[in-house]
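Same chain, two partners: chain A is paired with chain B first, then with chain C.
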Partner chain A sequence: MPEMSLKDSIITSLSAQEPWPDNVKLFQPYEVEQILLPDNASCLAVQAFLKMCNLPFEVEMRWNAEFMSPSGRVPFIKCGAFVVSELEPIVQFAANKGVSLCSKLSTEERAEMRAYMSLITNVLVNAELYISWVDQDTYNTVTRIRNSSVYPWPLGWIQTRSKRNAVIKRLKALHWYDKTLEQVLADVEQCCNSLSQRLGDKDYFFGTPTELDALVFGHVFTIITTRLPCRKLADTVRRHVSLVALAKRVDEQYFKRA
Partner chain B sequence: MNNIELDIWRGEWGLASIDIECLKVLTYMKFIGVPVRVREVSNPFFTPKGTLPVLRDGRKALTNFEEVVTYLKSLDYSTDVHLNTKQAAEASAFTQHIREKLYPAYQFAWWVDEKNYADLTRPTYAKALQIPFNFYYPSKYQKAAKEMIDALYGEHTDLREIEKTVYSEAEKCLKTLSDRLGESEYFFGNRPSSFDATVFAYLAPLYKAPFPNGTLASHVKGIANLTRFVARINQKNFRHVTDEYNKQNATKQSTGTQSDREAANFPNQTRNKILAAIFAGIAMTGYAVANGMFQDLKEFEHTQDYSDMFENEADDN
Partner chain C sequence: MGTVHAKAQADNVSTVGGLFELDEPDTLEVAIPKPTIKLNGVRARVDRVHVDGLSRTKDDIVRSAVDELFHATDFEDVILKAHKARRSLDSLGCFKDIGVYIDVSSGPGSTPEGLEVTFQVRELSRIVGGINTTVSENEGNLVLGVRLPNVAGRGERVSAEYSVGHRSSSNFSVAATKPFPKSALEPVVTTSVYQQNHEYPWSGYRLLDRGVLLDVAFRTSPATKHNLQWEGTVRDASVLSKTTSFKVRESSGPVLKSVIRHIVTVDHRDEAIFPTHGTRVQFSSELAGLGGGVANIKTELQAEANKEIVPGVVVQLTGAAGVLHDVFGTEIPELFYLGGPATIRGFQQRGAGPHCDGLATGGTMYWASGLHLYTPLPFQPGKGGLGELFRSHLFLNGGCLAHPEEKTQAIIESLSSVRVSCGAGVALRLGRVARVELNYCFPLRAAAGDAPAPGIQLGVSAHFL
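Up next is the complex of A and B:
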């Protein structure tokens, strides 16, 4: 597609001229009252990625972050004149500025890394969405209350309904909605198995930290630290000791607010 | 083990089947070398889930690729025994990668792109289906595909914008696959695995089908090592299908007149004409009944009686 590559190359050349500014802001929903499991995981993944790259940023919490984001999904960063949302485009954006974590990787390793990132976004993210929005218990006691906490009545009720419909539509399209909780957990189990097989006893997936480690950290850490009525997801992930160890390692190295 | 049956969508353009799931299962069975009786089914209405393929072994009926792989593994038929645990993990990661990036583009090219749907997909599926299912299934599949694209890329309002995004994601995915394959014969060593069957099933239709709008197909054709990969698997496992197709094509071109070709494109022409005539007859009669035409006839008889009466009166006078 020539138009696409032209647009890409303009953005590349424009953004490459400027170095990473100091006043970069990362927008996300309120962590204590509002944020939901899937959003929290992706926000944490982006934060971990930026910290791994040593890029300075400030976290800014907004109740309407979701509606400010260009793609409708959180988190997003504002960097000079650019607004970029979600992990993959942000990684691309940083790479355009000459900051990359996978420059030492061979092309095959890079292909492998992209495949494992897909594994996470396809399995773990959908499982998180399933637990938060489809599992009745979790939806009634956690998701519904947190999601509507920032809106006045009856807007909260309407917004939660429409968001739930959107999530269910997505899960239906991907054939996740017809699964039972057991099938979802079996998929998660298989995904974690694949990840821990690949990780083996190394510190990071490819020796040094990459965006894959950031993504794994974001999801594993969020799943095991979020308290939900349905404990099964956390229990499934917690059984994979090497992944939990990786999450702790990243947390200690990059997030210890000493 | 000898009486495995496989129901699939029919083939076209030198492919064993037009459908990606059927092609996956079929390729996998070829890799294993299990004898299987393949049947081309002309409607998926009576299958367990309303979908094809269906693999039957005795009373067991399996309806998707993962189930088939697991089932055959339980019978000690598997192509993945030579993979170590790390490679198996990698295979499942790549399978998800294709599903996330390439599958939406594949569905878009077949069902959402209006030109392809009208000129290629709909006629092909209508030909594979029986009356009256051919009026129902293509639009059902199109609806499902549109819903998927809408759910995944709903934030873009313009269809052109979505098309660009979907295809550029697919292009990146194809590049990734090509990098991973390199110059080796199969993705994992020199023996085929279930992952190779998956990749083949995704790519082969894009090579063979004559898309009116071939953006995605041209991306695929532009990558040399994937082209060779598909040609290799096709040559090894589906040579008879391709040969037959080529032979048919050759005879059609040498001897076929305009009417012959038309007859080949539209089989059962006489039957359809008769059906149409019967249908038209029933419709017209129904219309006549609904409008009370036969009642009129009765009244007409009455009026004749009346006029007779009047005539008699006139005679009396």
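Up next is the complex of A and C:
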């Protein structure tokens, strides 16, 4: 169980002010056989953010990355004695070390950026969870198999079942579970609309790359490149050409596989 | 004729001090007046056996328990066999108390030398429940227990226990036991399902175990007990805090483990707690890896020898050793740990052996031993009563734990870097299963990285080294 005490957070913020070490590792699940759509999106977003900041790191894949993470979610980074998980705390952690992408932004722009980031977590993440765990086709042919691939029988079945229950509980609390696939896609459409309107014809949302660009890249790139039986989500996102172009731009600039 | 009151010891160990034991195991010995007539000269045979008070216990198991009485030829034999029958009735676990009455037989079909033996039994109630609270080092618990003795009339038992802690951890166990008193070796089969939460602050992790345990227990001789077990568990490990060492963090996550285990115990001691003479050896071997994500072989040996040198003064020598061979997937919770009030006193719990960032990370090989001198309390207060629950003791402990990643040469080296501690203290017996020790300890030798704890140390355990 993830647990965070006041003492821990004080220690983290006090002693985190040393410079970025060289041996930082990013932990995530196995990309080829294990990782699921929502996790892949957030792992990619964190990787993009770290690359945008020019902070060196190494990716390490572990079957139990999710359980090693202090918050129970992937990815997390290990920086010296510290473990920090998920994009926003990592952004905060880097800012404590004096590395920030939004230092030139005004207060209003920062607030705007936060709003768009929470829009993505509220819509795209939930839509990804919905597609992976609630859509029967995707669940049976992809999610179930990938999630249980690292466990021996019957643990895989138990783990997948309990994780599915947890996701459904979360979606129910957010009133997403009762939605139909069409309603989910309509929400995604609306989210992409407001994102592409904000982006306009600029290269990045605020001129220079920020964590918002990293987050958009993570989700858009994952959604359009992951093969799922339900292609409607990818099709919906692909219709927003400017967002796809942004994803390609980030991919080429920071993830050159040359 | 007379009434024979007898009560067998709960564990059926070989009896000392006469044919009949005492009414209450806790009261002191009362001299039994020896009969002056030679009983084996009196010819007798048993005509009838009555068992009074049976309601749900099935006849067949009672009949097989008393059957032997009919083969008695003289009066002494009748008494001996009546006692034996009484014991086997008691070991069925169906009766609260059993009285034996022997009388001359009368009425039709009686023979001149005939006797009638009557067993007056009281069956255990159908349901026994309990509620109590326990306090461990991290948490207070409320424990609810229910037991159904003799459910189906042949000594079957079902027991369930549920405990909730104030930190919202819940443990439960349900166990069903069935004895087979008529088969060879009299096996007892137990099936249990459990969920257990455990915190190990010395190693920085918490375990949630959910599993199934099948156990077959049988005896090949009165002192030799075997347990054959299969255990399937899902062990969910998680770290205790954000600052826990990364080495411990790496082993978090759910793991499925399937283990076959054989435990053989040879116990020649006169008492489980504070014995005055005798030895006990327990050897357990386990094989994990038939299914599941962990494969290893683990063997452990525990031995103990006691000798009374002067009346009331007992020397005890104990030893333990274990080897774990990892094939794959063996993580920190599987390993051996040493140190603490129940093993090497004078060290913190798990305080001897490899540490990483102040957390014990365990080893794959260990040996440990202890030398004790037990005496009654100084000046013997409460002699013959409360004072019998206490012993004072002097001890010397030694042992060693080897690091899992080391090579053969290094293992030999680290197995010889002995930790030694000595001290004195008072031990208190809790029932017949556990004891409490309050000791003042002096760690004499520690290795780098160990966590010695000189001074006063309190320990509660069923097994002490």
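A few points about this structure:
The rule is short, and it goes like this: the second predicted complex is superposed on the first by the 242 of 258 C-alpha atoms of A that agree within 3 Å, B and C clash if a C-alpha of one lies under 4 Å from a C-alpha of the other, contacts with A are read in each partner's own complex, and residues count from 1 in each chain.
Assume contacts are C-beta pairs under 8 Å (C-beta built on N, C-alpha and C of every residue); 3 or more make two chains touch, one makes a residue touch a chain.
Computed from a predicted model, the values in this text were never measured in an experiment.
Shared-chain residue A:Arg170: touches chain B; no touch with chain C. After overlaying the two complexes on the shared chain, residue contacts for A:Ser103 are found with neither chain B nor chain C. In the superposed model, A:Val123 makes contact with chain B only, not with chain C. Contact comparison for chain A: of chain B and chain C, B touches the greater number of residues. In the superposition on chain A, A:Thr141 makes contact with neither chain B nor chain C.
Look at A:Asn64: by the touch rule set out above, it reaches chain C but stays clear of chain B.
Touch criterion met: A:Ser194 reaches chain B, while chain C stays clear of it. In the superposition on chain A, contact of A:Gln183 is made with neither chain B nor chain C. Residue overlap on chain A between the chain B contacts of one complex and the chain C contacts of the other covers 1, 3-4. Chain A makes touch with chain C in their complex at residues 1, 3-5, 8, 11-12, 62-64, 66-68, 70, 78, 81, 83, 151-155, 158-159.
Chain B makes touch with chain A in their complex at residues 85-86, 88-90, 92-94, 96-97, 99-101, 147-148, 150-152, 154-155, 164, 167-168, 171-172, 176-177, 179-180, 182, 215. Across the complex, chain A meets chain B through its residues 1, 3-4, 71-73, 107-108, 110-112, 114-116, 118-119, 121-123, 166, 169-170, 172-174, 190-191, 193-195, 197-198, 200. Against chain A, in their complex, chain C makes its touches with residues 206, 234, 237-243, 246, 249-250, 252-256, 291-293.
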